[in-house]
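What follows is a group of structures, each given as structure tokens.
Both complexes shown next keep chain A, but they swap its partner, so chain B is in the first and chain C is in the second.
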Partner chain A sequence: MWDEYLFPASLDEALEMLEAHGGEARIIAGGTDLVLQSQRGQCSAKVMVDITRIPGLDYIEERDGLIYIGAQVTHGQVAASPLIRSRAGVLAQGCGSVGGPQIRNVGTLVGNVVNALPAADGAIALFALDAEVEVAERAGRHWTPIATLYAGVGLCTVDPCAAMITQLRFRALGKGEAGAFERLAKRRALVLPILNAAAIVGLKGNKVERARIAIGPVAQTPFVAAEAAEALVGRTPDEDRISRVAQLAAQAAQPRDSLLRGSAEYRKVMAGVLVRRALWRAVEAASLQEGEDANS
Partner chain B sequence: MSNRVVGQSVPKIDAATKVRGQRKFPQDFNMKGQLYAKVVWSEYPHARVLKIDVSPAEALPGVVAILTSKDVPVNEYGINIVDQPVLVGEGEKVRWLGDRIAIVIGESEKIAQEARQLVRVEYEPLPVVSDPREAMKPGAPLIHEERGDSNILKHVKIRKGDIEKGFAEADVVIEKYYLTPHVEHAYMQPEAGVGYIDEKGRVTVIAAAQWSHDDLHQISHMLDLPLDQVREIVPAIGGAFGGREDMYIQHLLALCAYCVRRPVKMVFDREESIRNTGKRHPYYMKYRTGATRDGKLTAVEIELISDAGGYASTSIPVLNNAASFAAGPYVVPHAKVDAYTVYTNNAVTMAMRGFGSTQPAFAYEMQMNKLAEALGVDPVELRMKNLLEDGSIALTGNPMPKGVGIKETLRQAALGAGWREEGDQWIKPDLGTPSAPYRRRGIGVACGYKNVGYSFGFDDKSKVIVELALDESGEVARALVKLGASDQGMGAHTALAQIAAEALGIDYEKVRVALVDTSVVPNGGSCSASRHVYMSGNAIIRACQEAVRKRQEALRTGERRVSVEYEYHGRSVRPTTPYDDENGMCDPHISYGYTSQIALVEVDVETGQTEVLKFLAAQDVGKAINPEMVKGQAGGGVHMGLGYALTEEFIQKEGLVKTRRFSEYHIPTVADMPREFIPFIVEVPDPTGPFGAKGVGEMTTLPTAPAIISAIHDAVGVWIDNLPATAEKVWWKMREKAGMA
Partner chain C sequence: MPTLKMILNGQEVFVDVEAGDLLADVLRDKLGLIGTKISCGEGECGACAVLVDGRAVDSCLYPALKAQGREVTTIEGLGQDNRLDPIQQAFIDKTAPQCGYCIPGMVISAKALLDENPHPTRQEIEEGISGNLCRCTGYYQIIEAIELAAERLAEKGGPK
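And then the complex of A and B:
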């Protein structure tokens, strides 16, 4: 466990604290994973820098067509947010699947990203939304695509002992666009997924204009099935086409045999099932949206 | 007779103090000057310990003592067979992961924790035996060389009627092999407690226990102390389910206190509790069942093999029970049963809700549902033709005692689920439309029955003291019931207080049940076998009747206190007998509870996932002392059965545990429970029970898994014969059926 627990009053102070402890301190927010890791001796940090009392990191807001989510925002808040539910429903569904109510009320979406696990429900939805992440270091802040953060299972390129993620952003889904999240697990709550999948579809007329598919955990990092999604663009999203695209996604996915999650063969087939269901629900929701003003 | 207190859903006697957080559980106790202890566990499931080096640990400042086998006066224990070392010494063997090498005692928990990692143990690994069927074979590596040349602990034989004749009469024969897995008890409160020397010099343990008076015998043997020099106090218990019938921490706390003469606290974390304590027995079951064309059972041939793990625990009594229930609650004229329990290097297996009646219930009910399918008969109808009634001859040749309510439980559950009864015919309900095009609905039925009280000639008894305090006018101001009956959380003390209030004719609020402290309360027997309402209830009624008589005397003499002691013996009303060595005939059990359950499920045909939509559970309890608590037992039993059926997998590889956390061992959450749960309380009295009551604690788990698994078959046409029916397992079976695998 840690020796010291600090509450910075500002972002700058948080970064100063990290620097002052030269790699011995790290950022903590919800702590739902970090506290366990610390108890089990899997986290060597001696000092915890708790960012939950810094003013101005608790927003979910839309500016110029982009949705911004601050570092303090919990899965529960994302899942319940009317803005997210109407303009990025896939993320509300993903965040609503994390852990159980207690974990969702404490754990943050940014924390879900920092953990860099290929199965994280919130992160899978963010990959489908093609999100960007703002990283704050002593040198300054910059935006980077979410994929650049993932270096392997549990390996985040942002060093939590030297920097922090301040916020996330992605384009709000508009007219003719919708997403859906699917999950298969050993029970209905408090369990890591056997597989999860998120899909986004943008329709124009009866053709797909834009599609994006993310699947976890079928690789070292959240997997974006880009070729499969490409095979949907410009096409009419009928049952046949969606099944074929889902097959392509499943073929590209590389799940492994896992004692707790199941056999590779089962999981590969299931990747196809989940992607097909997610795409189908996304298409249905997008068709409904298309006729309406998406902002209403 | 109308009852004032019995039959009312009064609040649990400890509900308010538990909700307020005032009631102390074992880990809440702390004593002045207390030390902390940690166990050095075995690292191998089967190995010889070559060398134990405690010196690096001893050198750590703050370490007070490190106990090894040399410190244990009599280094052996065991609830049924004394085959377990308390601590395994140099030259001796570890036989499973839960074996202990040493106990480290330090000034703080942190020091004890650090020091235990410094104890160096050298092992010589031995061949691991992880399948009881392999362990049975001649030449298999022996787990207990000192116990003869076989790993088989016990073989039970039952020969009823003429098995050849029975199968010759059968028009249909179903032959199948079933496997039920290890199950973790998963009580909320991991093992914890304090050991100390009390003011009278007695070695005292505060811990959760199911039968503290039996723990005392084992502890006094281990410490070579007279019984009156040891003491156990049982505070509030955070669940047990059979898992605290054996000692897992009680004797260790006693040993610590005995050796260091200071209070010592020990708490297992969840991983220790899952890795190193007992489990439900896995059973490997071969069933061959014959019936006539019109659905009458003619014969059953059964082989049961149970995995005892590294030590015997109660594997033999569990096997005895399993064999006696192996044919289910049905009249079967011809039967042959061979049941074995076998040592392996897997987790020790022990009592768990059902005590051997749960595993065969899966097999015999699966057989009935397969038979119904083969005969083209409704599963309710098939059962109605064969279920036991008062006086029916059971598998062991005994007539069933009065109060057999199994048909009534099935009738109520089936009608509740929408079955129609037309003469002798039962017609299955329409199941409605599935919630998605890729989902299919199915419904499944199962029955079960379970003994109440200890069996096979055991002198099951409960001793109780009832004390009355009279007010000025001679009315009963307070009644105190003293007995060594642990309340594991299910409400035993509440039910017993209700029985006392009723028998005394006073308000429930005036009755207190004493804390279990072996220096104060008499031996009430084990808190297991669903027995306290029946055994201790009977003792309390009689003690109270005597107290009422004595009060009349006191009114004349002006005495303000009345005290009565009474010991009730089950055999005074229903003597039981052990198995006959040759044919197994006997009168095995004192009393019985009966249950039927029905599950409505939806199965996802693409993923294999099952959702239980609706569940009906009917239990014949004779008389519901507290109806809300009976419903609570039904809900809890079904929850446990649902985990057995669908989600719980305790994974071991060559004796090593792979699921050591609740994030890996998946008990069902509230979200996994049926959306609709309908309990039925059936009251077919047992004339020997208190107010007609039997017992309810265990039987509610029995039919859950076979009901759900049969519903899965009804939905998608595949039988899952080895639990649990995970999504992947159902998916593979569906593929196999479709000819794709």
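And then the complex of A and C:
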């Protein structure tokens, strides 16, 4: 399958290894997707550069209101992190839905992004959180919005044979803000989602100040229902309004007919149901949270 | 050919592997530890679960060289013929195995769960084995076995 398996001791060494092999080497982290891709002939790289032993890429931390997650952090670590659970619960829920425990113990959140699939549970939550991604190349490092990484189904603009994602960041949810993740699948574990949705709502008083909705897989890339979310801002999030916003989101979604996931017609309707549930849970959590803060 | 050095079931082991070998194949074909099963081969069934540094992983998706310097525990490392691990004994006492093929993975997942959470709720047990499929659908007896193992381990003062 592969000719060489390397463990660089630093980020620089990892990038040097990629360069030295001129496109024949690529980054591997958990490998839970990459092993299968290699077995199926979907990955031609012959040299694996394993970044899981580089010191200093395993953090989940908050600095100046932003949460940073290093490239080695697994879905399991995200799902169990007290910081993520309290300040970005939607991501804990998304990562907790990936595969089963053994997959979550190995697969990384950054890997979920690099694979660029529109159904990825972790990535959908990151889109709702409006995350940014740090890319490291030989020329240097730069931050970019997560959406700029997605060029199509399974197509990431970061070439893992020349560069790597070192970390993710997003604003921690604060007072009056909360998110929720919803997922429709044939079983509750070990199956890909028919649909998933993540919503974030920020409340001030009884009005919505901020809203974001992400849905997958209803387009080539994770879909942000921006117009629908905008229709919630400045409004009171009652049942009618949330239903209407969810309908707008479903109308904007463009799921395909899929033997695996069901018909486009069915999934379009269900997208509205998932968004409604996610928004409703997010609003409930946000108002609870705002109330708690007011009492403390 | 690179040499994989790991602590396998408590013993230091050196084995020559190919760069692309997966841990499940090394365990079964090179080390003869066939208690670890391969079923789906794509991380969906959990029959190949082993512990790496105490955490359950699917060894069919785990590059063997990732285990370099790590502690790996397979089903063979939990007990011997005359001295079973309390989890294994509980599986027998509750008649949890039917065809038996998923059971090594189930026991490994149960071990990972009880080491981390000695008093799991029923829901936590279900989540703990949610990465393991049983085609005989004998989940109830498996869940009851894990509950029984937790009780017995608590009486003995916790899992080892």
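The working rule: the second predicted complex is superposed on the first by the 292 of 296 C-alpha atoms of A that agree within 3 Å, B and C clash if a C-alpha of one lies under 4 Å from a C-alpha of the other, contacts with A are read in each partner's own complex, and residues count from 1 in each chain.
Please note the rule applied: contacts are C-beta pairs under 8 Å (C-beta built on N, C-alpha and C of every residue); 3 or more make two chains touch, one makes a residue touch a chain.
These numbers come from a predicted model, not from an experiment.
Once the two complexes are laid over each other on the shared chain, residue contacts for A:Leu184 go to chain B alone; chain C is not touched.
Between chain B and chain C, it is C that contacts the larger number of residues in chain A. Shared-chain residue A:Ala151: touches no atom of chain B or chain C. In the superposition on chain A, A:Gly100 makes contact with both chain B and chain C. Of the two partner chains placed by superposition, only chain B is touched by A:Gly262; chain C is not.
In the overlay built on the shared chain, the residue A:Gly31 is in contact with chain C alone; chain B does not reach it. In the superposition on chain A, A:Leu192 makes contact with chain B only, while chain C stays out of contact range. In the overlay built on the shared chain, the residue A:Val273 is in contact with chain B alone; chain C does not reach it.
In the superposition on chain A, A:Ala9 makes contact with neither chain B nor chain C. Contacts of chain A with chain B, set against its contacts with chain C after fitting on chain A, overlap at residues 100, 188-190.
In the complex of the two chains, the chain B residues touching chain A come out as 606-607, 609, 647, 651, 658-659, 662-664, 666, 668-672, 726-728, 731-732. Listed in rising order, the residues of chain A touching chain B in the complex are 100, 184, 186-192, 194, 259-260, 262-263, 266, 269-270, 273. Only residues 2, 18-20, 22, 42-46, 49, 55-58, 61-63, 65-66, 68, 109, 112, 127-128, 130-133 of chain C touch chain A when the two sit together in their complex. Remark: chain A residues 1-5, 7, 28, 31-32, 35-36, 38, 48, 50, 52, 76, 99-103, 105-106, 188-190 touch chain C in the complex.
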